[in-house]
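You will see two complexes here that share chain A, one where it goes with chain B and one where it goes with chain C.
Up next is the complex of A and B:
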């Protein structure tokens, strides 16, 4: 999806706190265990940066990435944990807010919204040009 | 008298349920109604890329941007 839209739309990955860290109290999920993804909850920004880079490499992410502060400020501000999708419009307003992950995380729904927004934008630009040419 | 007992019981059940919720854990409805939502201005936050470059959400103007929030686990 990133490769398809990157000429027209900006993408940004925001790396958050771990949803299923391993600790003395919690074990990895079966899926994560099978995949060898055994990650403790980072306690510093440096640790989180390292895990974020590991994530980027493991998932072959090409989009730019930023990392939430260790106090999880952006995750809390956007109610984003464990995962969530937003579209921001050209005026810096939220145009789409997806459901909370994992079950509400729906890239296809987001893409449909994005397509409609871009179409609407094209129509508006076309209309403006026609009005100006009169 | 009976209605007061029923009321007291209902209140007790409600309070115990609330107490049984893990502290600090968000309820499902919080995710649905919480801000920011569509139409709201993007909250201003400064974050950093893994290589230390500062990034401000206020710079997300002039184009559509898809924000993908997530983690490895």
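Up next is the complex of A and C:
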């Protein structure tokens, strides 16, 4: 999806606190265990950076990534943990707020809004151009 | 009504004192509201009837917006001729491949047919993709085949069904385990309600200015400010973690 849209849209991954660190007994981690992804909750930005880099590599992530502050300020502001999608339009406003993850995390739902937003953007640009040429 | 009272008490507890409710009781020897009894009941209420999460997105670009732009004859159906965008956009938007765009293509609830389709594919992928990297390698594919086919040497439809739905059944079990276990203290309950994601999911809303941030890349070399993209490009924010 990133490859398909990256010319028209900026993608930014914000790396949050671990949703299922190993010390957390309530976490549903059989899948992580199978995949050998056993990570402790980072207590410093350096530790989180290291996990983020490992994640980026293991999941073949190509999109740019930034890492949340160790006090999880941005993740909390966006109520984003464990995972969530937002679209910010060209004016810096929220155009799309995905459901709370994990079960509300739906890239296809996001892509629908993204497609329509770009469609609207094209229309607006076309209108501007027509107005200018008159 | 119960929830309205609940919110007031919650806000009171969080803003006034912070920390766990147990600490709150200790720090307030003569509370106006008897937190120990009211909050105790509140937790029971919340615990037994956790608020239902809305799992679908909030978006400016919903069916109503779409119909107002494209459904010229207002019959609830947008056919290819009514659609002024690119043809491959129409194809992408027609999620159920019936050649027309209707509310069904915009229905992302868990009960929708399309959600079932996606959930099935997701379960199948999850069952085969042992490394959880979103890519099924030939080895993973073959391992899944051999595991389910075992000595028969072929897969039947019921084999496929078990491959797809058994992990989901296990998942449901683990969810039940998670919610059924009785937490010991009120602090534990609060913690678990938080973790269940059923409370407080109200991030910045559609139409609001996105809260700005400046964060660094994992290598610490570059810093990115969200508002720098303003007037240039839209931004898709993907929040998440490895685990």
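Criterion: the second predicted complex is superposed on the first by the 129 of 134 C-alpha atoms of A that agree within 3 Å, B and C clash if a C-alpha of one lies under 4 Å from a C-alpha of the other, contacts with A are read in each partner's own complex, and residues count from 1 in each chain.
Simple rule for what comes next: contacts are C-beta pairs under 8 Å (C-beta built on N, C-alpha and C of every residue); 3 or more make two chains touch, one makes a residue touch a chain.
The structure presented is a predicted model; accordingly, all values stated were derived computationally and were not measured.
Chemist: Count the residues of chain A touched by chain B and by chain C, then name the partner with the higher count.
Modeler: Of chain B and chain C, more residues of chain A lie in contact with C.
Chemist: Applying the document's definition of touch, where does A:115 land relative to chain B and chain C: first, second, both, or neither?
Modeler: Touch partner of A:115: chain C, not chain B.
Chemist: Looking at the overlay, does A:58 come into contact with chain B only (first), chain C only (second), both, or neither?
Modeler: both
Chemist: Once chain A of both complexes is superposed, is A:88 in touch with chain B (first), chain C (second), both, or neither?
Modeler: After superposing on A, A:88 lies in contact with both chain B and chain C.
Chemist: Pick one for A:13: touches chain B only (first), chain C only (second), both, or neither.
Modeler: both
Chemist: Tell me which partner A:66 touches in the superposition: chain B (first), chain C (second), both or neither.
Modeler: A:66: touches chain B and chain C.
Chemist: Show which residues of chain A both chain B and chain C reach, each in its own complex.
Modeler: Common to the two interfaces on chain A: residues 5, 8-21, 28-29, 32, 37, 39, 49, 51-56, 58-59, 63-69, 73-75, 77-97, 99-101, 104-105, 110, 114, 117-118, 121.
Chemist: Can you name the residues of chain B that touch chain A in the complex?
Modeler: Against chain A, chain B makes touches at 26, 30-32, 34-43, 45, 47-50, 55, 58, 60-73.
Chemist: Provide the residue numbers of chain C that touch chain A in the complex, in ascending order.
Modeler: 53-61, 65-66, 69, 84-85, 89, 92-93, 95, 105-106, 108, 110, 118, 126, 130-135, 170-171, 174-175, 178, 192, 195, 197, 200-211, 213, 215-220, 224, 226-227, 229-243
Chemist: Could you please specify the touching residues of chain A with respect to chain B in the complex?
Modeler: Checking each residue of chain A against chain B gives 5, 8-21, 28-29, 32, 37, 39, 45, 49, 51-56, 58-59, 63-69, 73-75, 77-97, 99-101, 104-105, 110, 114, 117-118, 121.
Chemist: So in the complex, which bits of chain A are touching chain C?
Modeler: Residues of chain A touching chain C: 5, 8-21, 26-32, 34-35, 37, 39, 49-56, 58-60, 63-69, 73-75, 77-106, 108-123.
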